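Below, chain A partners chain B and then partners chain C, in two separate complexes.
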Partner chain A sequence: MPEPRTGVFICNCGTNIAKVVDCDAVAEAAAGMPGVVVARSYKYMCSNPGQEMIAQEIGDHDLERVVVAACSPRMHEPTFRRAVETAGLNPYLVEMANIREQCSWVHDDGARATEKAEDLVRAAVMRVAYHEPLERLSVDMCPNTLVIGGGIAGLTAALELAGAGKLVYLVERQPGLGGNVARVDLTAPYLDSAPDILTDRITRVVEHPDITVMTNSELVRLDGFVGNFTATLAVNGNDGPGEERRVDVGSVIVCTGYREFDASRATHLGYGKHPNVITSFEFEHMLRQGRIETKEGRLPQYVAIVHCVGSRSAEFHGYCSRVCCMTALKYAHEVKSALPGSYVSDVYVDMHAFGKGCEDFYRRSAEVKTLFLMYGKGEHPVVRRADPGDDCEMLITVDEQLSGETIELPADLIILMVGMEPREDAESVTRLVNISQDKDGWFIESHPKLDPVATTTDGVYIAGACQSPKDIPDSVAQARAAAARILGKIAKGKLEIDAMFAEIDQDRCSGCRVCNEICPYSAIEFDAAEHRSHVISALCKACGACVATCPSAAIKARHFTDEQIFAEIAGVLG
Partner chain B sequence: MAIRANPKLIEELEPYGAEDVMKCYHCGNCSAVCPFSADPYVFPRKPMRYLQMGLEEKLEGQLDPWLCYYCGECSDQCPRDAEPGETMMSLRRWLTSRYDWTGISRLFYRSWRWELLAILLVAVITAVAFTLFGMSQGSLSDYDGPNAFLPSSAIHIFDWVLAAVLLAFLLSNAARMWWFTMGRDKDLPKSPGSYISSAWMLPAHFLTQMRYSQCEHKGPWVTHLALMLSYCVMLVLIMFFLAEMASGPSVDWRVHVLGYLATAGLVVSSILFLRNRMKKSAAQYRHSHESDWIFLSLILAVALTGILQHILHRTGLDAAANVTYIVHLALVVPMLALEVPFSKWSHLAYRPLAIYLAQVRATALARARRGDGKQQPSAEQAAPLRTA
Partner chain C sequence: MTFEPKIVGFLCNWCSYSGADLAGTSRIHYAPNVRVIRVMCSARIDPTFVIKALADGADGVLVCGCHPGDCHYSEGNYKTMRRMPLLKRMLADFGIEEERVRLEWVSASEGMRFADIVDDMTERLRALGPSPVKMALAGDAVER
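So, the complex of A and B:
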């Protein structure tokens, strides 16, 4: 067993560690461990004097390895790596023993905790002996970006990137740009015109010299890794045999949006059965035509708007589609202003008016005398044809919650607020760009709060309603956030890649391709000519799955070698 | 069985003053702050909901609006400015028009022009009729005595005839009120005993308005009680002691001490209410319906002409006193004939009756529950007319 000159530094973390663990005793015990030439205990190892002490001891004792027994490496490993680097030591030659979260914070018995701390330090000392100096890789960052989807999110992201002088390829499967926003009349809560918002963006995108718009087109293959992707696109594929085009991009933004819930699935609402039960998108179409009328061409006297169609139900989707409540209020306003003599009812479960200006909008909707009727979650209104002699076309039976009464509401036109759901091809998109879906089918972000537009695949971002139902402002914010993330990487020019990744010994690889399938990051490529697999180090997250799977033991994870792990086990067992 | 909602009903109620009810989003603050709201009479929230949804029959059957005295706390607490207090007031006006089978009340509440025109018409007829009657059998220069222009004996008979007519209207309307709120409710257990055991409430609440005194601010109750008691004292004096009232010019203190007190009560309280409404000094005075102004103005005018008539007679100006008497009668008759059965004054009957019926209803429900043996009535169910 190698015994490089090792220094051990025990942090007291104020009293966080020292109040349970006898740090001086640990230092004393460490001094006797294999290869250890110096062992010291100190109040705050992460402080500047603490770091300087480590650097000083490296020089004084000619240390080859360093062990810091302190907090979790998630907390201060980067700190101590930088500290040893200043003393001229490779940063990967430092190992941390976690004697705070995994020892002092979880034990009361000082003597036994001290014993455990010694075991953890011994494990680190024995492991670090096998560490190898590693170099971080650096790759070039291609400044071009592929934007998938030409809705409001895709258009915004493209304009943002092109505005910074970067090339953008915008692919849209439909013949025209604009996505779902192109189907909308006015927007809530300020009643701005959606066509006005959109037309300006589309014109700027189409005319921008740095944006290549490809409609009737789609991504068919994405190769490479962050900063260095090659996207294969089927251009004009919908009109006969498509032309295949390859473009080099550094980043990808997925803005594939959503589709609306199929209202005929909610059979009790009579969509498809009663001609005057229509979806919100059909009503938007009516508004854009400029005339609200029944299928028979009459002006409706009673208009009913039913919320949560497909959303927030055990039967269909459990989630809230977020935009329907305010859109429904918008309808109430539009109907009241177009047909002042009409009666508008809003049949809802809960009113979600969380956005800026929305609570005021809700109040104003009540002021124009909208009748709000609440039905219970898990229940559903039932639509039936009115009886002869009634002054309405249809009747909606509602178990009204605020009165406790079961009522029948007259209606001539019923608008169903259909929820959002993932597009039918969402799963194939996840496979193309190697991202994942949640239980409802929405694309998963890297961190729901702190990293909302990145994904687990470096260089692939998500923006807009493909991530979860959202309105125009949120979609635009995400698109701009994704663009900003990409511009930041482009500005750096080079991408630094962690030195920890898997490597395949080409002599031992049998080309069985088991690892190709097992890799959750699609980081292993198969070279058909050589009949060998190899790891794209920029994509590898060093999870170790391939290492464990390889039947030929041909794969080694850097910094997690078998020797290192066995030594650590031996150490902890004393 | 589903009840048909009628989104149009709110428009029917708007002329009665329910202009803001659609703003309500049922947070329930109004019912929480109300000292009287308790199961099974949860208001203002529940009647407001019925009104929004247009559940006409449910509304007609409600006693709740009469259990409210409009202290204004609910309107002050409302986060939506939906004016729950004024909505309750509007519902009382609407219910009055529903109880009235003649349709006159509906006409008055929906159009102040009609109400004023009717008052004017009755006033003119009264003035002409009494003038002709006076000229036919007396002398304008005699206030009392054998040649009196308007002898108290004749007026006395007229008073009793008028009272009988008004009572007939009021009783028939009250019967309709009973039918709407109790009679036609099939779910309500029959309990004749509770009508008897609660009977004391009718005169008690009429005379003391003891529930009103439980509102947080006592001022409105005191003023209202003063107005009501003054009116009652005056009514008793006129109905039973008119001859003593009309004699003179010396003052018969046995009746006049009460007369002066009652007159002062009428003048002061009506002026106070008018002033509050003009200044919009509190929530309950912010929204005045035309019927409120007409009612208070009539009371004040009647009181003032009565005072003037009294002074003129005592100072020996009999001719002037007689002319004033005619004017006084021309105000009194429409005030009684139109306001008592058809407009604001009808609440003198409906409110105590509602409090009584609410107790009867609650007792009947509680007894039925006890009879089932399933559940003992809680203290609140047995006596649901919560006192503060």
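So, the complex of A and C:
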């Protein structure tokens, strides 16, 4: 076994690792592992002093390999690759041992967690000995972008990119642009008009020479890789077979938004049974028509607004839909201003007023004499038809939490604050662009805090409510962030892509062509004259399927070679 | 003292390794018996990796990939799905019990599922005892 000069750096992550794993003991054990010339434990390896320590030790000890035992490589592998690179080491000569997400955070037995951490470090030390310096590939970056979805996020991203002089293809499945914001009247908390926010953007997008808008259209296929995608679109497909169009793009932003929760699923609220129980979107429509009235055309005296319909419930969605509380307060203002004599009550679980200006808005709503009634999470208010003698049409029974009493609330019009949920086609979108959904169906970002617009597929970004429930400012911010990320890549002109691709040893290849069939990307070409196969490295995505399949063991997965994985296996088993 | 099995887990980078990381960020505790080796796709898991792990003293091998239809590389997990039963059939001929090699699908959102699988497998292997390969190798060493 090769024993290059190796340095091992054990991160304490404050106390995140150190409170369970005995980091000094791990460092001590590491010092005795093959090839290890220095092993140190430090509070935060990813901090500047931590990275400088690594660079310093590389110089002081002439290190040829580095192992960092810290968080998941999915978190900080790029950080440590850069750190060793600054010290003159090839970035692929570092290996991480995941002793946080997969050790200290999931175990409480300190002795056994420490033993596991030592095994993981040994595996990394033994693996890294077989690492080879690799060169990244440099490819051209196509400056065009495909934006999927013409809601507020998609419109914003398109304008941002086109504003920088880049070509944008905007596809929208619906006949018109604007998405869900186009269905809204005023916006909370400043009560500015949604059409005002939207109309100007739609006009600018439609008239922009660098934006090609395709409505009634959708993405049907995405081929290629970051900087070099080919998107196949079905244009005007909804009214017939549609015309197929192919466009070359370097990046994709998914802005497919959300749909509202189907209120009829919450049967206790009587939606679909009582005509004057309506959803928030139906109320928005009423507001845009300019008249708040019951189905019978009467002005309602009692208006009740029920929060968290479909959200924050064990039965439907566990998450908070984030915009409904403030929208509900907006309704209280709009009802009070249109019908000053009416009584407005808000039936809520908790009031979430987290955004800028929202707490003030909540206070002002209380001042306009909105009645707030709190019901318990896990319970639900029940709507029934009122008795003939009552001066209202319906009654809502609420187990009110603050007073501890069961209250019957009169109502002529009941507005259900329906939550957000992933669109029914979300899953098919993830398959088209190769991204993932979380347990609730929202698209998963690359990192929840540090990389909220990128995804696990390089070159594919997400923005707006397709990632999680979001209000307009957050959707706009995310759309602009995604556009900025793309413009940054375009500005560089060339892209560095990961050096991990498969290689075929021409001397060992028997020309059997099994790998040709197995490759999902058609990245393996057969040279009939030579009777050998070879990999087109820019197309290879490094899955390694061909490597495990080749009967001649002629294919090498760079950075995931058999030798490296065998060493890792021997390492974890001590 | 109860026997503590050692499990080598081969996890695909995109779904299962992320799922295992999610168990961490969600602080879902599970048995410390598993040692995870990351591969880009479950299709990279050459059957010899599993054999090597058993030969090196693992009491069990856990192979995890994306759910069918969700593979980051479109269809890699379908290859794993076909490969692993063949491997298990061969291992059975060598007297290696069925429970020692386990194939599971774990998505990036299934931290809890990953933890449950590890706990369950640990429990079963505890009941089953040390791997016969390990015992045979230890016996050989004594004879030598």
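Descriptive notes on the structure:
Everything that follows uses one rule, which is that the second predicted complex is superposed on the first by the 373 of 574 C-alpha atoms of A that agree within 3 Å, B and C clash if a C-alpha of one lies under 4 Å from a C-alpha of the other, contacts with A are read in each partner's own complex, and residues count from 1 in each chain.
As a working rule, contacts are C-beta pairs under 8 Å (C-beta built on N, C-alpha and C of every residue); 3 or more make two chains touch, one makes a residue touch a chain.
Because the structure is predicted, anything quoted here is derived from the model rather than measured.
Looking at the shared chain after the overlay, A:174 reaches neither chain B nor chain C. Of the two partner chains, chain C is the only one touched by A:542; chain B is not.
Once the two complexes are overlaid on the shared chain, A:236 sits clear of chain B and of chain C alike.
With both structures placed on the common chain, the touch criterion links A:408 to chain B but leaves chain C unconnected. Once chain A of one complex is fitted onto chain A of the other, the partner contacts of A:446 are absent, as it touches neither chain B nor chain C. When the two structures are aligned on the shared chain, A:101 is found in touch with chain C, with no touch to chain B.
Of the two partners chain B and chain C, more residues of chain A are touched by C.
Applying the stated contact rule after C-alpha superposition, one finds that A:562 touches chain C and leaves chain B untouched. Residues 302, 343, 345, 351, 363, 366-367, 369-373, 395, 397, 400, 402-403, 405-410 of chain A are the ones touching chain B in the complex.
Residues 72-74, 98, 100-103, 105-109, 112-113, 115-116, 119-120, 123, 431, 434, 436-439, 444, 456-457, 500, 518, 520-521, 541-545, 547-549, 557, 560, 562, 565-566, 568-570, 572-574 of chain A touch chain C in their complex.
Interface residues of chain C, counted against chain A in their complex, comprise 4, 6, 8, 13-15, 17-18, 20-21, 23-25, 27-30, 32, 35-41, 43-49, 52-53, 56-58, 69-70, 72-76, 79, 83, 107-110, 115. Residues 1-8, 10, 22-26, 46, 49-50, 52-53, 55, 58, 80 of chain B are the ones that touch chain A when the two sit in their complex.
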